[in-house]
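Submitted below is the structure of interest, expressed as structure tokens.
Each chain carries a letter (A, B, C, D and E) given by its place in the written order, and its residues are counted from 1.
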Amino acid sequence: MSWFESGWGLSLIVFLPLVGAGVLLLIPKSKEQVVKTTALLFSLAAFAVSVVVLLQFDFDGTEAFQFGTDLSWIPAINSRYHIGIDGISLPLLVLSTFVLVLAIVYSWDHWPEPRNPKAFLVLMLVLGTGMNGTFVALDLILFFIFFEVVLLPMYFMIGIWGDRKPIRLPGWKRDVETRLYASIKFFLFTLFGSAFMLLGFLALSWKAGGTFDMVALSEMGRAGVFAGAFGQWVFAALFLGFAVKVPMWPLHSWLPDAHTAAPTVGSVLLAAILLKLGSYGFVRISLPILPEQAQDWAPAIAILAVIAIIYGSLACLAQTDMKRLIAFSSVGHMGFVMLGIATLTDVGINAAIIGMVAHGIITGLLFFLAGSMQHRYHTREMARLGGAMKSMPIIGGILAFTAMASLGLPGLAGFWGEFMALLGSYNPLDGLSLGVFRTAMVIGAIGTVLTAGYLLWMLQKVNLGEVPEEWRDANFHDADGYELGAWVPLVLATLAIGIFPKIVFGATDDAVVNLVENISRAVGG
Amino acid sequence: MTLNPFLVLASLLFSIGVYGVLVRRNAVLVLLSVELMLTAVNINLVAFGAHIQDTLASGQVFALFVLTVAAAEVGIGLAIVLLIFRNRSSANVDELDLMKW
Amino acid sequence: MPSFDYHALLPEFIIGASLLAAIVVDLVMPPERKYLAGVVGLLGLVAASFPLLTLATCGSIDGCDGGLPRSMFGGSYVVDEFALVLKGLFILTGVVTLLLSVGFIESDRYYEGEFYFLVMASVAGAVIMASSRDLITLFVALELVSGPAFLLAGWRKGDLRSNEAALKFFLIGVLSSAILLFGMSLVYGTTGSVTFEGIRAATLAPGVALAEEPVFVLGVIFVLVGFGFKISAVPFHFWAPDTYQGAPLPVAAYLSVGSKAAGFVGLLTLCYLAFAGVRDIWGPILWLLAALSMTVGNLVALRQTNVVRLLGYSSVAHAGFILVPFAMAAALDADGLGDAFFGSVTYLLVYAFMNLGAFAAVMAAAEKAGSAELDDFGGLSRYAPGVAAMVALFFFSLAGIPPLAGWFAKFVMFRAVLIESGNAWAVGLAIVAAVNAVIALFYYAKVVKAMYFDGVPDRIDADAAGARSLARPLVLAIGLTAAAVLVAGFFPQILAFFGDATRAIALGG
Amino acid sequence: MTTLHLFASQLLLAAEEGKAVELSDGGVLAEFAWLIPVVPLVLMFGIVFFGKRLPFKGWELAELSMAFVAVYGVALFAMNASEGIYYEGSVEIATIGSYVIEWGWIVDGLSIMMYAVVGVVGLAVFTYAKGYMEGDVRFTWFFAAFTLFAGAMLVLVSSPNMIQLIVGWELVGVASYLLIGHYWEDHANNAAAIKAFITNKVADVGLFIGVIIAGVTVGSFRFSDLLGAIEAADSALVDVAFWAGLALFIGAMGKSAQFPFHVWLPDAMAGPTPVSSLMHAATMVTAGVYLIGRVFPLYHDALFAVDVKTIIIVVGAATLLLTGLIALVQNDIKKVLAYSTLSQLGYMTAAMGAGAYTAGLFHLFTHAYFKALLFLGAGSVIHAVHSNDMSDMGGLRKSMPYTYWTFLVGSLALAGIFPLAGFWSKDEILASISYDASHGGGTVATVVLVIAIVGAFITAFYMARAVYLTFFGEYKGEGHPHESPRIMTYPLVGLGVLAAIAGFANMPGIFTGFTDWVGARLIPMGDHHAESIDFVLAGIGLAVALAGIGLGTRIWGPDRETQEARDTFRIAGLYPLLERKYYIDDLYLYGIVGPTKGPLARAADWSNTYIIDGVVNAFGAAARLLARVVYGGLDQRGIDLAINAVGAGTGEVGEGLRHAQTGKVQQYAAALFVGAVLLVVGFLIFG
Amino acid sequence: MTFGDWISEPGNVVFLAIGLVMAAASTWVVLTKNVVHAALSLVVTLAGSAALFLLLGAEFVAWTVVLVYIGAVIVLFLFGIMITRAPIGRDSAELDHRRRWPAALVALSIFATMAYATTSLYGWSEEIHLDAPVRTDSIGEILFSRFVIPFEAVSFVLLAALIGGIVLARKDETPQ
């Protein structure tokens, strides 16, 4: 398996979906079954390989990059095809391959209009390559490429299959279809962020004598090469790039629109994986390469994070659209993730990563459910819904379960991210203001109450009560095989991680501890 | 002889050419004005060539090339003018406004 | 009479011969076979590209007569890596242009052989341009590039727009030539030489500080302005969109790539070789031009409703992006200069492919939809998915979205300018460029939106439109450029290699 | 994976200080005690997935789980009685930095007591529920949730570390949410459920923070490490002790419904009666008291959070008095019992605050039985008359003898009549408070003592009212009420017996087994417990109780007229206050919840649409506008304008404008020259 | 040097004479209302330039101007004028824009800039020495050795102009 461990494994995970997309293009549109099967097979293959990687992964050395390779790519700008995974990226990588499979399973006969399975699957597979690639890239340029690759597919997904409901923007004369507004907004926001991120990368490599290698740069960062004002500017640039993606308040405003407008699977992938690219960027790039600046910025990030927590929850309470509510909930949950990162402690960053994974699973599931509800009701207005527990007990039950998980119920996946983030912010990295972070802890804890509030409220509107008049005699079919096929694994994952979090922590801990040691050494802590 | 008067004269011709280009409406007349400007260039070239006593005579050679190219340009220009004139029976450049935004 | 270095001049000879051959073929062939003239031209161009390879490799092959650079005629004509790369680029551009033309010209019963002849002549001019190292050769080559172009712009004789395009293009062209010449005359007079080495030597000569002399400054600036027109940089860009819109599409494609590139070659060689000593004259000016071109070009493009015109303004904006690395040259050291030069050249290479592709794809789309008006592109993906995909591909590449080649162009551009990260002007320009990159996306996406998100307009009969077939050469051209854009997107080294090879020149090659 | 922690070192340390305790490790019984929480949880899944297919629709599994817990709990109880047990086992589920996260189980006096109580009471209630819930739409689902409820409580009490405590804590909350909202077709019930959950969640903020502070300071989340640190007078812990203690107590207040977090509990009556019964007797509400008991030294040890102790006792006293008063004006029999529960919890809390570990837990112990009994009795009545309202009842003592007698026993026990359970535990509490008053508690404790005595009176008073209105006089409802089926009456009897005798478990001076049982801790609790009966206090307590009953009899005596005349107890001025529950609910609803869900939330959403998005869209609009200006104004005619501007100086404006649209080429040319000249001049000046 | 000294030199007298003529003629080119006059006065200007070239010892250039321009190009122009029936002798509104003043301003500013620039470098006393004027044959040699490439290129330019010009200018029997 040496060939496998020396880069091939990861390359397979990254490029199998792309190859799949290529193959799909060759299959005529009419042969729908073949198209679907091929797509599923390729995603499964990628997932299978990632599982093999998981099994072969050396959990005693999670701080080291494994399965990696470092080949010449663009010598002219000495950027290299340098990939590899450590304990931090492993869970996210597996998550992304996993979710892709489920998304395809779910799509099997839930195609958004205009119906075009081939194109849809092609985009999904390309998306898969972008997501997986981002998690394995160890070269800034490579990272940038994969980071951007996800843009186009998602843009098309939202734009073509998105919500056609016309909305009137404040101060606009005429209505615009949600999908059109959301797609371009998503695109421009992310591009804006990544443009500055790219400038940041360039500045880094200039200072570092031309290399784009994350590992090398991290070492220099530890050695204080990027200290001072220069580093501050660079951190700011990177911050823009990642914060938009996370998204952090107040750069989040693309998210509700994009999530709401996107087709079900689109929202799922957005929530489950795409948001993680940003927070992962912080952990993988900003922190190790710019430790001092990270320390300077940490309080600001923490403050923005708690604002996001409270703000997101409050906004949720005001929503009437189920999907939009879930979308806003992401803002709050990613707030906890960012709070964890801001603490710069092993606990906090561990929390952030498990938080990412949990949010990926749970919110992904929520979007699946919202999609299926819309599929049946053809509306997302919670005012019109109700009594789902009666009309479709299985979907209702899973929704209830997921909502509980999402509000951070202990014993389910969501809890660890939230609680550990708070734990981390009780005493952050030495030198960080205790006042700020402990206040953040309290406010964050209060945020959990609000979270519980809006989720229970949503359950009450959607699940409970009598079935409203208009649906009284509409007999909805409960969850079908494909839906269950997509959901049950996520439910199980939620339980498993909740009961035995070592599934994630086991991978991340050493790597994170190592990272934090480096940071504190760099800041002289 | 002194150099500068030649240069000033060239500048004068050039500027007059510019004026012509700006005010003339008829394409042919615009072309005439351009010829003025080119003449100015030639005067410059030759005068400089004499002034720096260029053994390679680059100045004069340059002037020759300018003359030849100018002739070609006139040919091209007149062809185009003719074409337009045939299509709209006018050679006034300020009537070229089909591609308004 | 010095003995010619025939090997070095072989490409020029082949092209010259083949364009004469083309005109002869045109004379002898009956109308329906006149396309053979184009074939001859194509063959000639392809043939002309071989000596480039031999020349490039010659140095490393023993028994071959010497390596690069090969300097001729007292240094006024030089074949070096830069020249070879750019010659290659021009030849490729010519090939694609001819491919685009064949179907187009045939379909409209234009004068065919002459058309190919003129294209070839213009390409020849560009090829010569790449090697010219003195003002005279440069000027003549430039005229050889643009003279035929004037005529080509008016090729659709029946179409008033085309006539207009030609006349505007011509008048502005000769005016800019006049200014250019006047500038050159002053440069010649003050430096006493027409060769770039001579000029450079004079500017670097101790004692005289030419950079302080208004005359010299005037000369340099007039030269820059003249080239500003050729590359259609703001505020000298006005003619471009009108001309592109009016000219036959293949010609527009050629103008936006071929002659623009030729202009850039002249600018590059002049700035980095002749005026290397006075970088602080042209540096700031080009900074200004770059910033203006990017901003104005992009903003104006936002408003366009005709895709070709939109491409016109986008090419203005791209000219700005290409100028960005120049802008900082004043502040750079040797390596910096190398990177800046590399940046511009590489951008030029990438830009050539994607813009040719874009025009080709738009031609195809216009063929299907019946016009190049944005509204008529509505729902193109429904009945012509392939074409729509191609347009999207090239437009997003122009927008610089990875993994399409465009990203690398933008990247090297940013890289070149940020080499001097400390410099506020550099950072400022970089930020202007970054913001512009985002604005640009907006109008490129607008076209994609029309094709994919909007419905088919009523006046278009989707089935009929979908049934319309495309000329094979056109498809071939699209295929070539698309492949280039995709491959170069994943493996930019392919282009970066050539860009890298030209580096040497900036260090006083 | 399983690792055994006996903390021998700390035992030794205890020994040196002359507090030697010989505890057995409980052997196999303790080693497998992890089954106690696990079995119900597993069976819960069993019920969810297979319940419907079983003969009794899943009830049997629920019953089985409770039976198992009861047996296991009693077995441990017996063993602990014979020889004190201390055992702690755990499974590591994660290591995060320096912290170890574990699932575990603790077997010591405290937890064993809880196992037994939960098991026994649970068994009774589950049995009863079979009859009560017969024919319910979601019978199976109910028992699943019910089992989860019990299981969660067991997770809570069995947890040796604070993380697992939180897990159980919140699971209890969720289960209660499910049960309270059992009849969710009616949104009022959902509201009640959400209220319960959210109120608890608010208090949990305290718990979270308390756990975090304590855990981080000690460096471990194990209670044993925390107590060890206290024993070792860890200075770091001393610094934060107050805040940790306070935060934890806030958490406890939530679950144990202490004032002002009590609001959720009465509403929780929306759930089926068995739920109320279990919730108020053995599970959930006892959790808070249990937690205080778990970390008792933190509050008791003079070095640490003694100040919090004062807060605790005050809160307890306030709760017992205020809620007791409210109970007086309730017409809903369940509400009466609910408020009485609150009041009793007040006793327990006050006892803890008074440093009476044993007394508090003992009252928890006894209260569990008679309160469960009372609720089941009330349920039986409701089952018969199909109404909660006491004004629909009356005279039921003939038609429902079992219910009547058992209910009577429960009431007397609650009222604290000798020799029933309530008497002993309440007396113990009074004794402890008075002891505290004389040992540092000061005036606060003295006042609390008085309040406690008054509370005893009130308790007896409203229980008398309840009994009279329900069982005496004439029947005021419709139909002919019948005694409930056996499956419901047997549990009543069983609990009745316990309610009667449970008190003998701790008779100061005579037999103080309970003291030792719950004293079986890793580090013995240095609390006060009476050595002998304080006859004065006992006398006073008994006297006021009797007085209460007497007064009750006077007012709601068995004749029908008087009942109808004064069916409730109206004190001018006080009544409305009580009737509106001191306006606290209103305060929360209109003062906090409303604003948050309304204006605040809307503000956030609005700012998102109009401010943040507004900025974004504004950028878009600006770009578009700029484009229009640049294109239309500058790119396409700016040259004209420039030239006209020049022309203006020469009085040709009109002319210029008239021609503004023409002569493009020359405009371009002009641009060329103007541009060139400007560049040159600009350069010559600035360059 | 004062104007007196300057004018005292014969060459300068000649220059002054020619220069004045040229200035007048060129001005007439852009001012006259008669197109033919414009063309003819361009002839005068060109002749003047030829004379200056002679004065500067550039005979070959001078004669080329006379032959190529006055001989050929102007004729071309006259043909163009005739064919396009450019208005002859009608009021200038037809012939010119109404924007003379701004245009004049632009032109003037250009002239000012240029004149200032040259003068600031060379002053009025910078002499031109004509001791070794370039001989025509050497020009030929230079042209065919060193500048052979541009020479060839120019031939292509002319060829292209020829062919292209014909194509554009000819009347098509096949309407398009």
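By our rule, contacts are C-beta pairs under 8 Å (C-beta built on N, C-alpha and C of every residue); 3 or more make two chains touch, one makes a residue touch a chain.
In this text the structure is predicted, and so the values were computed from the model without any measurement.
Enquirer: Measuring centre to centre, with centres taken as mean CA positions, what chain is farthest from subunit B?
Expert: D
Enquirer: Which one of the chains is closest to the middle, using the mean of its C-alpha atoms?
Expert: Chain nearest the centroid of all protein C-alpha atoms: A.
Enquirer: Need the most distant chain from subunit E, centre defined as the mean of C-alpha atoms.
Expert: Looking at centroid distances, D is the chain farthest away.
Enquirer: Could you please state the distance in Å, as a whole number, between where the Cα atoms of subunit D are centred and where those of subunit E are centred?
Expert: About 101 Å separates the centre of subunit D from that of subunit E.
Enquirer: Between subunit B and subunit D, what is the separation of their C-alpha centroids in Å?
Expert: 95
Enquirer: Approximately how many whole Å separate the CA-defined centres of subunit B and subunit E?
Expert: Averaging C-alpha atoms per chain gives centres 7 Å apart.
Enquirer: Where the centres are mean C-alpha positions, what is the separation of subunit A from subunit E, in Å?
Expert: Centre separation, subunit A to subunit E: 71 Å.
Enquirer: Provide the list of subunit E residues touching at least two other chains, using ranges where the numbers run on.
Expert: 97, 99, 102-103, 106-107, 110, 113-114, 117-118, 122, 146-147, 150, 154, 157, 160-161, 164-165, 168
Enquirer: Residues of subunit D touching 2+ other chains?
Expert: Correct list: 631-632, 659, 663-666, 669-670, 673, 676, 680.
Enquirer: Okay, what are all the chain pairs that touch?
Expert: A-C, A-D, B-C, B-D, B-E, C-D, C-E, D-E
Enquirer: Using the touch definition up top, name the residues of subunit D that touch subunit A in the complex.
Expert: 92-99, 101, 103, 163, 166-167, 169-171, 174, 177, 181, 184-187, 190-191, 194, 197-198, 201-202, 204-205, 208-209, 212-213, 215-216, 596-597, 600-606, 608-610, 612-614, 616-618, 621
Enquirer: Tell me, which parts of subunit C touch subunit B in their complex?
Expert: The contact residues of subunit C facing subunit B are 135-136, 139-140, 143, 147, 150-151, 154, 157-158, 160-161, 163-168, 170-171, 174-175, 177-178, 181-182, 184-186, 188-189, 192-194, 241-242, 245-246, 303.
Enquirer: Under the stated contact criterion, what part of subunit C meets subunit E in this complex?
Expert: Residues of subunit C touching subunit E: 1-2, 12, 16, 19, 23, 73-74, 76-77, 108-111, 114, 117-118, 121, 124-125, 128, 132, 136-137, 139-141, 143-144, 147-148, 150-152, 154-158, 166, 186, 190, 213-218.
Enquirer: Touching subunit B in the complex: which residues of subunit D?
Expert: For subunit D paired with subunit B, touching residues are 631-632, 636, 659, 661-666, 669-670, 673.
Enquirer: Quick check on the complex: what are the subunit E residues that touch subunit B?
Expert: 1, 6, 9, 11-12, 15-16, 19, 22-23, 26-27, 29-30, 35, 38-39, 42, 45-46, 49, 52-53, 55-58, 60-61, 64-65, 68-69, 72-73, 76-77, 79-81, 83-84, 86-87, 94-97, 99-100, 102-104, 106-108, 110-111, 114-115, 118-119, 122-134, 138-139, 142-143, 146-147, 150, 154, 157-158, 160-162, 164-166, 168-169, 171
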